[in-house]
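Below: the structure, in structure tokens.
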Amino acid sequence: MLLVQVLLPLLLGGLAFAIRSNLKRPWLLPLGGAFHFAITCALLLGRAPAPGNAWLALDPLNKVVLGFLSLLFFLCSVYARGYLVSRPNQPNRIFTASLLVFLAMLTLAVEAQHLGLMWVAIEACTLSSAPLIYFNQNPRSLEATWKYMLIGSVGIALALLGSYFLAYSALHGGVGASLFFRDLVREAPHLSHPWLRSAFILLFVGYGTKMGLAPMHTWKPDAYGEAPGLVGALLAGGLTTAAFLAVLRFFQICNAAHDVAFARSMMVAIGLFSMAVAAVFMVRQRDYKRMLAYSSVEHMGILVLGIGIGGAGIFGSLLHLINNGLTKGVLFLAAANIHRCYGSKRVEDVSGAIRRLPITGALFLAGFFAITGSPPFGPFFSEFTILRAAVAAGRFWVAGLFLVMLFVVFVGMSATVFAVVQGEPSEKAAASGYKDSFFTVAPVIVFLGLVLLLGVYVPPPLSRALHDAAAFIEMKP
Amino acid sequence: MDIVEPMDVLMTDWLVIAAIVLAAASGVPGLWGARQGDKGERTAAALMVIGALCGIVGAALAIARPTAGIDLGWPVPGGRFATRIDGISALFIIQIFLISALGSVYGLGYWKQSEHPRDGRKLRLFYGLITAGMALLVCARNTMLFMAGWEIMAMAAFLSLAVQDDQRPVREVGYVYMVATRLATLCLFAMFAVLFVATGNFDFAASRPIGPGAATAILLLAIVGFGLKAGVMPMHVWLPGAHARAPSHVSALMSGVLIKMGIYGFFRMFSLFPHPPLWWGQLVLVLGCVSGVLGVAFAISQHDFKRLLAYHSVENIGIICMGLGVALLGRSLGDSTLVALGLGGAMLHVWNHGMFKGLLFLSAGSVLHATHTREIDELGGLGKRMPWTALAFLVGAVAICGLPPLNGFISELLVYLGLFRSAALPQGTIWLTGALGAPALALIGALALACFVKVHGAMFLGEPRSERTGHATESNRFILAPMAVLAGICFFVGLLPGVVAPVLDRAVRAWAPELSEQPLVVLAPLAWVSLVGGLLLLALLVGASLFRRNLRRKPAGTTGTWDCGYVAPGPTMQYSSSSFAQTLVGLFSWALRPKVSRPDTRGLFPHAGAFTSHVDDVVLDSILIPAAQLGTRAVHWFRWVQRGSMQAYLLYILLTLIVLFFWR
Amino acid sequence: MHNLVAPLLVVVLLFNLFLLGTSRLQAVINASAAQGVILGILTLCVHEGFGTWMVLITIVTIFVKGVLIPGMLLRAIRDAAIRREIEPFIGFLPCLLLGALGTGASLIFARTLPLAKEHVGSLLVPAAMATVWTGFLVLTTRRKAINQVVGYLVMENGIYIMGLTLLHAMPFMVEMGVLLDLFVAIFVMGIILNHIRREFSSLDTAHLSALKE
Amino acid sequence: MPLLLLGIIGKTKAAFAGRVGPPVLQPYFDVIKLLRKGSVFSRTTTWVFKAGPLVGLVTALFAATLIPLGGHLAPISFEGDLVLFAYLFGLGRFFTVAAALDTGSAFEGMGGAREVTFSCLTEPALFFGLIVLTRLSGSLSLSTMIGPGLGQAWHHGGASLVLVGFSLFIVLLTETCRIPVDDPNTHLELTMIHEVMVLDHGGPALGLIEYAAALKLFVLGSVLVRIAIPYSGDPWAGWGLFALGMILLAVLIGIVESTMARLRMAQVPILLVAACLLSAFGIVLVAR
């Protein structure tokens, strides 16, 4: 079943080359997304057998991630159909195909239980996402793609080196040469610690580059800024999540090896640093798509910070993983609509979105409130849980810095968002014929609805799953 | 009976919940209504009024008999849907629903859908949300629920302010408001986190005693977090602009109720500490004095009457804080008299300020609606053109100056009594703050009087100073009726304080349950006050009738005002509000820093010149904004990091690796 | 045959220094190609006895690292008609010194890590470190996009050397995966290089710094 | 009695000026005459203008009922009546000034502005004094504070009572618009405070105003006299002493008026701040 989930999108991707019509082809995306989502539901609800063979299997951790990713992609694929149809003159064959391949590889990366396999899958994600970023085919998007590819590949190379180190530590520890996670976790106490630490550093930096933690985040504003909005949503919600999952797996191994203190301190430091960098670049940010990119950097920082703090923080950051991904969906897609309507992503040219595009503008504003952690939206609870954990752990400085960063980010981000949303739209924008359509608005509304839902009601199954995942990471039976 | 009781006790809570839901939903049906046509607005007002009735009845029942409260599971981290209505909550609930219902009726005349087709529906939606959020946070007994209500209120207030976002100044004040409120929210995050770690639960209850360190942290965070919302002096920066720019019934709601949510937060948090250190009370008291005196000083120097009223909110918050400070002193001394007087005074002043400040903002809105200017020096002579509005404003002015026989006097009297008693305390230096507080309060009263004589005189008396003022006409009944109700309440509370005293007693008991009960009726001469007040009114009426009879006997002639021999007196020659306030502004120039531009009148035949004087908000315009600009510039310096050169980016990765490897 | 490992690694290190020192692009590419070939041979040396798939890996490695990618790059520079690297951000001499320092440092660093008994005294780990370091240096100091690709190649070579230390441990498909991904990565980069040339009529990364704050 | 004070003051000044001066009862004649006159109102004015004098008088009357006259307790006395005392005058001031502004004349506005401005400084001084009395008497009611208990208060708080007395005297001069703060009978409007406020009032209204002003003088004066002469014993003797004290006070005011020159407006606040400081210092003394 899991294999099907990987292969099906690949099949559809192949089909994308077969279909001639530029307008019919995009229908493949909702199709694939729906299939994928259906299978995921079946798996999670236990309807379908999930034969945990050695290579692909579900565990408490990737259950959560898989469900979230599948949902994210499904909604994005619905949006994608509307988006691509709204740009008929832009050839979308390669785009559609690589979007589906991206989905397949993402699934593979999430379900993989083997160090090497996961690495291969994530590398494949990187490669398949290159054409997505290059969709607009202008010099700027080319430069963005180039930077994304090169930095990403360097990161992935470091991750590979780290994997070798890890394997070597297993070899040196005299444990079996298997690189399956469950074996590594089981044998962790015997791993050779110096190698393990070096391995963790390399893997953290390598996959951290994919996550976009500062100072490895430099590709992010360019890529998110130049790529279509839905690609931004998928990268910010999907690829980063897969990379984060990888980091979590290695964190779990360190946990199992009872050698986790250094990893924690590292994560706290990098997390705070990422928030600081994001804050610095969000003040007076004149380009609202780059602003979203930095916001993504900030929230990646929050994720690792929560893990580093530990305790309730781990639960908090797993919850935040979902909240952040969904909210980013709202923001990127709404920003994409605004971009399409105004034909510019500079604040100077864009104003009065809420008058020009009432629904999209309102969604953008709401998404902003959500991502900055205002109750009653979901991110509030995850951020508050992390803060709580920091205070409970007696790390008052961390808590204080965390709040200061949140404040600076809010000050910066609100100025940009209000400038976009409020005021009177320019004549040029009023003249442009763009209108909100069902396909470009409905998914965003669903995203926001989910974010709001998570703010007023976290379904008990979900919270149970999150608790299991947290326990799984912390090696608590 | 025994079987019935839990039944209707439960009903009480649900009544309030229903009221909250109704208020929140009040604006929704209108969204589907036509842009024109008044169905939407009428439904909204009707829903709001019904909801308000439910809420007020529920709260009244809750005062009559303490309620069991609701406690349901709420599956979010740390959340329970726990609400309970004690004496403190009930008072706030009644006030919230009263003002917002009156405001929504007022809106029917002030913000007609036909006059504002574009944003009328939005405004009503957010207006309902503000109300719901406030009522929710006041009932909440779970910190997560509290935060939810708090932020709904804050965001809805921002949005209802931003319905006029096509005007640049509105956008600016909206931004300032949003930043301020976010800072407050983050402080509350921290405060509740500390509280959770200290008590181990998310309820507003010190299930185990809170350590001194945590207590101090909570106090400071509360003072910043709630103080920002309440507009205590150094943290009032968002308040004048927002109150001035918001639609008037929203201003009334903001100034009358919304900022009180900060005060509610003070009450709620401080009630957790049975033995606060002495310096807490003294700190709060001093903050109150500063806020009061400077607030009114800034108010006098304003020439925009809504801004002026906004600064008076700062002043009254100061008075409330003084009362709270006295109560804290009393609690740390275990002196139930001080607690009763201080907290009772603060509570009553919260209520009174809601009433007369609501009244003032509504009548100010009526003037704005008729003349379309907020410049005091363009008005004048409106007393003839808008008699009812003028009367309403006069009542509000007398009340806010704390003059008998209106309600402001009662609450200030209680605070005075508390201050005098604390000044009479024998112990060490505790009496000192009280001894400074009473004259400070006297100064505040006198300044407020000066300010309101000025603004009332300049707006409603004399001759119109501008063309459009001359053509102003009285507002419609939707605008006048709510003002009448509020004025009535001002008189009622002022004349029969004994009626509200038991309610205050209940609140005091809810705040400090460990102290012996001291009914206010015993502590304060409320009966005397109502006697004197009644006699005063009676005497005035008798005197007036005598005067009238005398006039009927000897009909009075009319003429122009005696102009002291000046040849051509004109409306522009009247004493303007700024000249009225000049001396006082001069006395406070050390704090106000007025910007004055004098005409050059030297030489034999000086050119025509103009004299202008203007007072900005010192904290915002002279301290915060420059600081923010400095910070932005400093931050911009880091931008070179993201310089677009691939080599640099890869170098960062390499350096990170090296650093981490050394860290290992 | 095992005794060949050390000398070959020394050659690899020498190639590293050569890469850092030289300016002619063609020479640089050829050097990286030669390095790839040596790695292929190393695979055989490290692994006792010829397994069938061992030979296969060796051939694939040599083909990809030594022939295919260098060929593509050579074609790229021929089309772009660029011959030599302009002065790097830091001159060639500093580059060389840094490279030498890095090599020394990696020798020391490798000492801090406990080695398995079969690798005690082997140069594999330090050589891997030094090569990765060299790759990074090339990536961060050179101006030409091609050169950065080469840098990336060198880094991958280093990682490959590291991989050799656990040839037994690594299942077959991961090896292949490495090569495959390496290949695809370079392939995509090649495509992009062509695009870059078309868009900017040069492979100078100076043109690729429009996106910034 | 109140108007008599005015008469005495007038006599004293006349004596200093070496004139015979008007009879002591002259103020009564004036007021009665005014009350008989008809009245004229400006077209600008509204009912507020007519309300001014009335409220001024009524509030002064009520204030009078709060203080103990002679040896007797006040007809109305309760804990905290001192606040009511101060705020009644406040109410009166509010409407007097409002009435002044109602005429829309620059001069009366000026007068009103000065009135409220200076009262902002007298109020704190008054309350500082009241706090001293509270600490000495331990009571919050005027009739107790300046009642029989004052005798021993002098023993342990004499110094501060002297200071309070001084500052209250300044307050009295200011509130009743006497030299050196204001000059009731100059005829240059620019220099006046109280008189210029009531320029447009005439007839009965003016009469009420005159009487209210005198009453205010009387009330404040009696407080001062009570403090100065803390007699507690046979009430009738108390009355005698009280009357005597009031007359002395009037003479004193007269002397001050005829010996001192009016201060420049800019200097008045300094004087009042000094008054505040005096009574504040009184607190410090009583505290030690």
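Every chain is named by a letter (A, B, C and D) in the order it is written, and numbering of its residues begins at 1.
Heads up, the rule we're going with is that a contact is a pair of C-beta atoms (placed from the backbone, for glycine too) under 8 Å apart; a residue touches a chain by one contact, two chains touch by 3 or more.
The structure presented is a predicted model; accordingly, all values stated were derived computationally and were not measured.
The minimal number of chain-to-chain contact steps leading from subunit A to subunit C is 1. For the interfaces A-B and B-D, the C-beta contact count is higher for B-D. For subunit A, the chain with the farthest CA centroid is D.
Remark: subunit C and subunit D have CA centroids separated by 100 Å (rounded to whole angstrom).
In terms of their C-alpha centroids, the spacing between subunit A and subunit B amounts to 44 Å. Note: centroid distance subunit B to subunit D, computed from Cα atoms, is 36 Å.
Spacing of subunit B relative to subunit C, judged by their CA centroids, is 70 angstrom. The set of subunit B residues touching two or more other chains comprises 639, 641-642, 646, 648, 650, 661. For subunit A, the set of residues touching two or more other chains reads 146-147, 150, 154, 198, 221, 281. Under the contact definition stated at the top, the residues of subunit C that touch 2 or more other chains are 139, 148, 208-211, 213.
Listed by chain label, the pairs that touch are A-B, A-C, B-C, B-D. Only residues 639, 641-648, 650-651, 654, 661 of subunit B touch subunit C when the two sit together in their complex.
Remark: subunit A residues 116-117, 119-120, 123-124, 127, 130, 134, 139-140, 142-147, 149-150, 153-154, 156-157, 160-161, 164-165, 167-168, 170-172, 177, 179, 192, 194-195, 198, 221-222, 225-226, 281 touch subunit C in the complex. Those residues of subunit C whose C-beta lies close enough to touch subunit A in the complex are 112-116, 132, 139, 145, 148, 152, 155-156, 158-159, 162-163, 165-166, 168-171, 173-174, 177-178, 180-181, 184-185, 188-189, 192, 195-196, 199-200, 208-211, 213. Looking at the complex, you find that subunit B touches subunit A at residues 74-79, 144, 147-148, 150-152, 154-155, 162, 165-166, 168, 171, 174-175, 178-179, 182-183, 185-186, 189-190, 192-194, 196-197, 631-632, 635-636, 638-639, 641-642, 646, 648-650, 652-653, 655-657, 660-661, 663-664. On the side of subunit D, the complex with subunit B involves touching residues 37-46, 48, 50-51, 54-55, 57-59, 61-62, 76, 78-81, 83-84, 86-88, 90-91, 93-94, 97-98, 101-110, 112-114, 116-117, 119-128, 130-131, 134-135, 138, 140, 189, 199-200, 203-204, 269, 276, 280, 283, 287.
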